Amino acid sequence: MEISARNSLKTTVKKVVTGSVNTEVTLELAPGIELVSIITKSSAEKLGLVEGKQAYAVIKSSDVIVAVD
Amino acid sequence: MEISARNSLKTTVKKVVTGSVNTEVTLELAPGIELVSIITKSSAEKLGLVEGKQAYAVIKSSDVIVAVD
Amino acid sequence: MEISARNSLKTTVKKVVTGSVNTEVTLELAPGIELVSIITKSSAEKLGLVEGKQAYAVIKSSDVIVAVD
Amino acid sequence: MEISARNSLKTTVKKVVTGSVNTEVTLELAPGIELVSIITKSSAEKLGLVEGKQAYAVIKSSDVIVAVD
Amino acid sequence: MEISARNSLKTTVKKVVTGSVNTEVTLELAPGIELVSIITKSSAEKLGLVEGKQAYAVIKSSDVIVAVD
Amino acid sequence: MEISARNSLKTTVKKVVTGSVNTEVTLELAPGIELVSIITKSSAEKLGLVEGKQAYAVIKSSDVIVAVD
């Protein structure tokens, strides 16, 4: 499946914290570079997300805010 | 300024393409790992975004979709 | 590719209007039920979106606002 | 009230699952075509969402991601 | 129409700048307190947005990021 | 830190309701004008949000929906 979102980055699942409704997934893009994602618990289970699994972080370009010091 | 968005990644501006209303900014997280952001032209000018400048990619955790093959 | 977004609806592309930066895509879910999507022009081209093509409308559950009369 | 979001689809509430903070609402667009929405529990109560009620699914066009096989 | 989005603030349209695809609308919440909204040109026309008109700024609570100095 | 989001409004924290995962923050823009934000509990703690604290409500212009009666 190809998707219209501009950003689709290869990552490795580093941590999965399961809540009552949502699951927090920490994705490692490169050593020391991580992204936190919050998805529903049912999605996390459907995708079989466990530590070490390869996954993509999909982000729309309009959802990337830019900041400078 | 500290911000509630969970993800605030250090990047280097790699490319800035200015449109009539929006500007597309390519941010390099690490060699070969890039994020594309679309912000308004006026924001890009206010922030002084030019190639080589240090910038942060700020992304809410609920805006990170996870996909697997 | 499987994705964490809860909604992934089968549609047929009904109309594609190409702008300078963005493309407006009208997706038909069922006769008379349509969704409008705005994506970047480059994404629309990469996906090869043309009238009649099968496509999925992917929508995060937190992006669906509910209203009542 | 008229709204700037491009998509406002007529639906019937099919299922309401109430959590501690959020409520998951399943909306039927047509037989077999459903959308899941997650809203706050207080919003769901304010709107009086119950099975069988008519409701609108309001979605911004920029929140509709397009994917192809 | 009642809506699940938590924030629905009364405003007065202060400025409307029409682009080729999008329209930038400045909404005044109170003297000196303004919000900028970008909507599609067709939505702005459908709503009849002109300077001085009463309008609501509708914002999902999950779209309000909090920052501190 | 300067940010690409168009709206950055000065507010005072009026109420903080802490859930198991998320925190609901009520921000006062002016007397009688309030915005509700939902952020993660860990973000609320990191920012030290308590009643009476000065804070900014940061909102992307594309997240401001406009409605009229």
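Residue numbering begins at 1 within each chain, and the chains themselves are lettered A, B, C, D, E and F in the order written.
The working rule: contacts are C-beta pairs under 8 Å (C-beta built on N, C-alpha and C of every residue); 3 or more make two chains touch, one makes a residue touch a chain.
Everything numeric in this text was worked out from a predicted model, so none of it was measured.
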Chain whose average C-alpha position is farthest from chain B's own: D
B-F compared against A-D, more contacting pairs: B-F
Distance from the CA centroid of chain C to that of chain E, rounded to the nearest Å? 24
Roughly how far is chain D from chain E, going centre to centre by Cα mean, in whole Å? 22
Where chain B touches two or more other chains at once, the residues are 1-6, 20-21, 37-40, 43-44, 47, 56, 58, 60-62, 65-69
For this entry, which pairs of chains touch? A-B, A-C, A-D, A-F, B-C, B-E, B-F, C-D, C-E, D-E, D-F, E-F
Listed in rising order, the residues of chain C that touch chain D in the complex are 3, 5-9, 24-25, 27, 29-30, 33, 35-39, 43-44, 47-49, 53-69
Over in the complex, which chain B residues touch chain E? Could you list them? 1-5, 20-21, 40, 60, 62
Where on chain F does chain B make contact in their complex? 1-6, 37, 39-40, 42-44, 46-47, 56, 58, 61
Quick one: in the complex, what on chain F touches chain D? 19-22, 38, 62, 65-69
